[in-house]
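Consider the two complexes below, in which chain A is the common component and chain B and chain C are the respective partners.
This part shows the complex of A and B:
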């Protein structure tokens, strides 16, 4: 099924300046795989070296954060819109 | 490159002093052109979403606040062009933790606050390969 991925400003330069792209996928994970396969330079900013979604990267389907559903296994419906939303974090070195 | 007006620089310093000994954080709102500098027009302070006991060396802006800020910026004809936060009793230098959590394009401003007094203020952007920060000012 076809879904739309909305790309945050920070990552558009890795996706030919696109604001949004349509991809095929029946889960959030499949859609992101298709997206990063088409724009491989974006992958390092979404996934860590263990191939897990970076902790600060959030994926919303409408108003629903997939972390509060089934994560990357969250099912998609045709026409869904996925929004990539970063949580912004930082701080000094000491714990 | 990023252009930060002196009144906004002053406002960020005040935010850092107000939040001390915790870390302050917020958005940089402005305009940018693909080939030109980013102009910071306004700042949007945020509540540090980290638990109280971690706020002395960590900050977090929740994704739902990011979405609200993006809507606020768009309504004002602006965009999110970066973020600021403070380093209480530490230099205004990005930590490895800052780098791990960063995204390219955005400007990251850090203000050092020593004993409740704002001192150094620096601005950084992440290299495209995530390997290091480049200092902008």
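This part shows the complex of A and C:
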């Protein structure tokens, strides 16, 4: 399946400034694996040390959060769009 | 249903009726809605980029009582977006400056200035006096505190947040809707994503997101219209694109779920990883670096700032490798030569050193303390601090 991953502003600097990329994958997990293989610097932002999706990143297929479907095993259809929606905050104190 | 019961209605003076004429002409607001607005007590957390449009639009709309929590002072770099404050307000407490602006716009509004940091100790005391809380915070520890306090007090929480060109807005804490923890159970560890002070923010972005929050607040008070509870609105100012996503209430949510495990406030600094000791890095001050360069020491200077920051001023002799690519481009460094890492304030460069260490880089690494801003302050004062 060919799917599009939409990359939010907060993560673009870890993906060569790309706004969207096309990857192959039949599940959300496979598509994200292909994506992080291409942009290794983004991996630590999406996965924790146990290879689980981090709790401050949501992945949506259309309007649906994959955690309300089958998580990383959620099946994809050709032409689907995966949007990464991380927590954002403007402030200075967190860094 | 409105969050303001009819028994709290107060009458409107003829002057107020004239002022709110355009609301009174809308059947969706009318005299009853305007009385609800006047009776409503709204708390705005943060008198910054989001708080500026929020406070002014809620005041203009005739919200009777507006509380503002903020403990910061107005700085020059705030004025690019925080237009509730003016140039004359630099160095004043933000709450005092915001109060003056609101009163100048609408003297019928009662403004309560809470010139304090919102903490686990004072949050319930402050929040319980209000009907609705609008979250304009810029940091995770206050955001989780506001979320938890609103859930515990059963007060709706109108949420907004921003980063660079992108904003989020929704309504949390309604009786059957999700809360922030349902969406994001835990925050990112500090330093993973740069802040606005390092990453920048388009000035009008908080204006737009703050206006969306003001709109949601007014609809909650009026008890009408379709609110954002259960829907996350994502706004990309650069591509002028709105997207909408479902947020489901998480039955396992530790605070608003079926069997909540959080019944009182936690330590939010700890929860957000701010108390965790970060692995130390060796530092060099701007003055020491200047001395070593003057002495002719062999050093490799790595500038981890972004290209557009280097356009503000380029650091002479430095090799540019942006923060996000540092591990990927490790082979460009020579482990036999001592490396000095620089960024704007010395935070990203410290994280870059940690990332390289983790990736197995064997060479000696130093962090320029307080970054190029320190260099501009202590060594070459002809350069700007930004």
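Here is the rule we go by: the second predicted complex is superposed on the first by the 86 of 95 C-alpha atoms of A that agree within 3 Å, B and C clash if a C-alpha of one lies under 4 Å from a C-alpha of the other, contacts with A are read in each partner's own complex, and residues count from 1 in each chain.
Note that contacts are C-beta pairs under 8 Å (C-beta built on N, C-alpha and C of every residue); 3 or more make two chains touch, one makes a residue touch a chain.
No experiment lies behind these values; they were computed from the predicted model shown.
Undergrad: Is A:68 contacted by the first partner chain B, the second partner chain C, both or neither?
TA: second
Undergrad: Have a look at where A:13 lands relative to chain B and chain C in the superposition and call it first, second, both or neither.
TA: Both: A:13 reaches chain B and chain C.
Undergrad: Examine A:90 and indicate which partner it touches, taking first as chain B and second as chain C; both and neither are also allowed.
TA: both
Undergrad: Which partner does A:40 contact after superposing on A: first (chain B), second (chain C), both, neither?
TA: A:40 sits against chain C, while chain B stays out of touch.
Undergrad: Which one hits more chain A residues, chain B or chain C?
TA: With both complexes superposed on chain A, more residues of chain A are touched by C.
Undergrad: Please work out whether A:52 is in contact with chain B alone, chain C alone, both, or neither, and reply first, second, both or neither.
TA: A:52 contacts neither chain B nor chain C.
Undergrad: Which partner chains sit in contact with A:2 here, chain B, chain C, both or neither? Use first/second/both/neither.
TA: neither
Undergrad: Touching chain B in one complex and chain C in the other: list those residues of chain A.
TA: Shared contact residues on chain A (touching chain B in one complex, chain C in the other): 8-11, 13, 41, 44-45, 56, 58, 60, 65, 83, 85-95.
Undergrad: For the complex, give me every residue of chain A touching chain B.
TA: Of all residues in chain A, those touching chain B are 8-11, 13, 17, 41, 44-45, 56, 58, 60, 65, 83, 85-95.
Undergrad: Touching residues of chain C toward chain A in the complex: what are they?
TA: 48-49, 137-141, 143, 161-166, 168, 183-188, 190-199, 201, 206, 232, 234, 236, 238-239, 243-248, 272, 274, 306, 322-325, 327-328, 347
Undergrad: Which stretch or stretches of chain A touch chain C in the complex?
TA: Result: residues 8-11, 13-14, 19, 40-41, 44-45, 54-56, 58, 60, 63-65, 68, 83, 85-95 of chain A touch chain C.
Undergrad: Note which residues of chain B are touching chain A in the complex, please.
TA: Touch residues, chain B against chain A: 23, 25, 34, 50, 57-63, 66-67, 79-81, 83, 85, 87-88, 90, 94-98, 101-106, 108, 128-130.
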